[in-house]
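What follows is a single structure, and I will ask about it in a moment.
First chain written, first letter: the chains are A, B, C and D, and each begins at residue 1.
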C-alpha cells in the first residue's frame, strides 16, 4: 500500500503507523533546512520516503502554570517572536533569534535543531540551560527525558517504533531567576556559533542556586557543566569564584579544531564567555 | 509521483514533482519562473528568497510538497503587470543593484520586512537582509533603497 | 559646453530588469532537450591515472555521452602557457581536476553515471607549500620544475636606480614579511555554460565569461582549430559536425553576468559543455554547484612578500627591495602575467630612487589560481601600506607624514622606469585628511603633485 | 576590554592590462528615429559598462541616454572587446565608443550640411538637434537628418571606433617597460574596535577619497568604491580559502563556511570623489573598479596596530590571531621588564 514517496500525515496516529510501517526507509522532514541541503546534491536514493510532520499541529507555543510547552515543529522565528517566550524564557528567544537568517528561521524548527545533533546547536544549548524536557511520542505512549539525556541516547532507543519528537516542556523563569547568553560568531549576520555559553540560575542575594551553565561548541554536543554546579551551588558569586569556574570548566571540554576556530582559541574564548555570562547573572 | 497544487504569483498550478524537489526547482525548472536564482542550494546566499504564505523562505530549502496548497510570491509577482512595487522602484532609483543576481532575493527580503514592519530602523533593515548575500554593492545602496521605499510607502506611491 | 549625460548619475541601464526579475542570466535560458552535465574530478591532489573505464556509465539509461581526454581534439590550453588539460589524460595535479564528464537527462542520472566510472589513480606525494616546492629535492608538481623560469631566472626582475647605493645612504633598515591569503571571488552566480549545437554546423555557447572574445580563442583551440594543432577529431564524436570548429563556427552569447570579480576569466565550464554538445548533438548545460565553485574554481593566489627598505632619519625611502612568492597552484593560468603586474606596482605609490623587485611563480598541487579584482596589485598594496606604517613606527613618525614625504608626483618613475602623469596622490591624501579631520602640518598641506625639483 | 584604533592606506592602480596589446572596437549605428545603437563586445558584470557607454554615446550625439541601446550579447554581431577586466572598460571601450559616436555624428553632419547651409565642421549635435554652431535657430532634428540619410540618400549612418595599446614586454634584464595607460589614486582611513578578551575585530568606520579622473556616472562610481571597500574589509577579517595554509585542510565548501560580509557586518562608510583628468581618457576618466578593494585590508591592519599595538601581517585578522599576538606581546613585555 505504501507506494508513495511523500506522505503528509494529518495527525499523530497516522504518523506513527506510517513511520512504524516504513521503518528505516522513512525520512522525517519538518522545516527542511538541513535535509534539503542533502537532497539538493541531486543524488538518486530510490528507497527513501519522506514523511512530512509539519501538519501534525506540533507548533504550539503556550504557557500553563509556569511551564512552557513548545511544539517540536515550532519555527525558530515563531519562538523568537512569541511574546510569552520573550517574557518567560528570554534566553530561548535570544538564542533562536541569533541562529541563521530570517528566512531560515521562518522554516527551521526547534525539534529539527535537536535531532540534527549539531556540535554547536544554539537552540539545544539554550534548552539544556533552561532545564527543558523532551517529549517523544509513539503509539506506545509518551516518554519524557531531559534534553541532555536525549542528546546522549542512541537514536534507536529514544525514537523506536515510529516515535517522533513531539514537544519541549520548559519551566518558565521565576522572578528570582537570572539568565545569561553569549555567542561567538565568525561574522555578525547569519553565522553559526564558534561557541556559545548559556546559563540559568536562581539568585538568593548573591548566592547562586540551581545553576545550569551550558557550553556549546566545546564538545561533540552542548553539555551542562558539572564544574559550575560544584563550585557555585549555594555559594556567593564572587569574582574569584567566577575566575575559578572559567579555568576549571576546561577540564570538562573537548574543544575541537575546525575551519571556524582552533581548540586553543575555543578554550581561551570559552573562559571569557563563561566570565561574561556569570557577570550577567551576578 | 506526488501531485503538487500551488499558487504562484496569483496563478494556480498543478504539477507532478519529486518527493525531494525543492520549491526552487519547481519554480525554475517546472514553471520557468526565473526571478529566484540558484546561488548555492544550501540556504546560505538568499538569491532564491520568495514569500510562502507571506513569510520569507529560501526556495532552495523549502521542500515543494511540504508547502502543498501554499500561496507563493516571487519577484515577478511583487509589482503586478506593468507596475513597479515601491520597493522595486526604490531599488532602481537608488542604484541598489550592480550585477542584479541577488536583487530578486533582496527585494523579497525587503518586502517581508516592510510588510511586517513598515518603519524599520537601519539595524532592523540590516537584520532583515542578513541572510541575503551581495558581493557587488557592499549593501550600502540596498539599505538606502529599503529606507527610501519605507518612506515612500508611508506616503503611498511608487508606480512605474 | 555643459555636459548633459556624462557626469550624471543616470539609472542603471539594466536596472529595471534587475528589480523585476526580467534580467536573464545564462541559467535562466531553457532550450528544449537540454542535457545536464557533471564532471568526474580527481579525488587526489596528485597522481597518475592507471585505469579509466566509462563503459558502465555509458550504458546507464538516460546517459547520452561520456567524454574523457580521448574525446578532446586539442587537450592543452592556457592563456600564456599551454599546460592545462580540459580532461586529465594521465597526470592529475590538483584535487578536483576534471577527468571525465557526463551528459544525461537529469543531474541525478549524471551523478549516478559518475559513480559508475571506474577510476584507478596511483597517488603521488603532493607539495602545498611554495617555499618547500622551491627546494631542489621537492616533489615535482610538473616535470619541468616547480618554479616558472623568466628567461634564465627563476623570478621576474624589475629594478630602477642602484639598490646597494640606496642602502648605503640609509640610516635604518626596515625588513618585514607579509602574507596575503587566498580568497574566492564569490559572485552570487556560479559558473554556468549552455552549449547548443545549431544549424549549419555551428555551436552557440551561452556563457558567463567576462571576455567573450578572450575565451573564444581558447575554446576554438580546444575544439580543434589551434594554429599549431594537427586535427585529431575523435571518431567517438557522433554528431555530424565538420572536422573542426573555428573562430567563426562558435557563437558566444553572453554579456550579462551575475558578478565576476575576475573569477569568470578562465575557461571553467565552456570547454566541457561544448565537447559534450558536440558528442551528443544535444544542448548541454553545466551549472557548477556552489561547492564546486568554492573548491575548484580559480581563486586568488596566496602571496608571501618580503620588503626590505632603507630609510633616512628624516623619513625618505632611499632603497626598497621586494621579494614575492606567488603560489600559482598546479597550472600557469594567468600567473606569469599576474606576477609581472605585481612586480611593476608592488613597490607602491612612492618616490623610490632605488628599487628592486624579484617575484617568483611557484607551482603547488592546489587548484590553479587566476585573475581576481586587483590582479597582483592587491597584495602589493597590502604589503606596502603596512610596511609604510612599520617604517613610521621605527622612525617615531606620524604615518601620514611619512607618506607625504614620499608620495609620488608627476614625472616620478615606476620600478619599470615609466614616467607618471596625472598623479594626484598628495591631493587625494589632503582631501582625506580634511574628511577625517586629521591635522596637517602646513608644510605638507602646501605640497602638490608638481614635479619634484631635481 | 574594547580598544579603538585608526589606520590609513593609500593606493594607486593602473588602468588596463599591464602588458598592453589589448583593444576594443565599437560600432554606433543611427536609426531612423534619431536614436542610436552601440554595438560592442564588452561584458556587463555589474560594473556598469552598459550604463556609462550609452551615456558617453548620448553625450557625443546630443541625444538622451535613454535613446541609446547597448547591444553586447554575442560574438556574431558585436565587435571585439578584450574583456571586462583590468579596470579597462570605461577607458578602452569608452574611447572606442566615443570615436564610433563621433564618426556617426560626422555622417549626420554631412547629411545635414546642405539643408543647413553650412559646412559639416560648423555643425554641432545638441539636445536632439543638428545645428549650426552659434546659431541655434538653424537646426534640424536628428531623427529627420537620420531619416533623410537612410531613406533618401541610402547612406549607412554608422560610425566605428577603436582604442588599443601597443604590447609592452618587460626588458628581461631590467624589467623596464611601459605598462602604463593611466593611474588612479586613493586614500582610505578605517577605524576598528578590538575586543582584547575575545580577539574579535569590529570595523566601525571607513572613509575614502578616490581620484577617478572623471566620474562618468557618480552614483555608479560610488557603488564601485563602496562595494570594493566592503570586499576589502571582508578580506581583512573574514575570508580565507585555506585556513590552515599551506595545508589544504579545512577548505570551506559553502557560503556558510566561507564567510563574506553580510549587511550586518558593514561599517559606516563615506566616499569622496576627486577628479584629476587622464589626458587620454574619455572626458578624463580613469578605471577604478578593481582598486577599490585594495586599501581596506592594510588600513585595517594598521588600525588594529593603532588599537592594540600588535602587527598582524597575515590577514584575515581572526580573533585567534589577535589573542595570540596579544599574548606574545605580553610575554615580550614581561621579559623586557
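Assume a residue touches a chain if its C-beta (ideal position, glycine included) is under 8 Å from a C-beta of that chain, and two chains touch if they have at least 3 such contacts.
This is a predicted model, so every value here is computed, not measured.
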Label of the chain whose CA centroid is most distant from the centroid of chain A: D
Pair exhibiting more inter-chain C-beta contacts, A-D or A-C: A-D
CA centroid of chain A to CA centroid of chain D, Å: 48
Intercentroid distance (Cα basis), chain C paired with chain A, Å: 43
Distance between chain centroids, defined by C-alpha means - chain C, chain D (Å): 18
Chain centre separation (chain B, chain C; CA means) in Å: 33
Overlap residues in chain B, where contacts from two or more other chains coincide: 39-45, 95, 97-100, 126-127, 130-136
Sequence positions of chain C contacting 2 or more other chains: 9, 11-12, 14, 186, 257-261, 289-290
Residues of chain D engaged with two or more neighbouring chains: 45-46, 48, 219-220, 228, 231, 251-252, 254-257, 260-264
Of all residues in chain D, those that touch chain C in their complex: 6-14, 17-19, 41-46, 48, 50-51, 54-56, 58-59, 62, 64-65, 70, 72-76, 78, 80-86, 126-127, 170, 172-180, 182-183, 185-189, 207-211, 213-220, 228, 231, 235, 239-242, 245-248, 251-255, 257-258, 260, 270, 272, 274, 276-279, 282-283, 286, 289-291, 293-295, 297-299, 301-302, 305, 311, 313-316
In the complex, chain A residues that touch chain C: 41-44
Of chain B, residues touching chain A in the complex: 1-2, 18-22, 41-44, 46, 49, 55-58, 60-63, 65-66, 68, 109, 112, 126-128, 130-132
Complex contact set, residues of chain C against chain A: 106-109, 111-112, 289
Chain C residues within the chain B interface of the complex: 9, 11-12, 14-21, 23-25, 27-28, 30, 185-190, 257-261, 287, 289-290
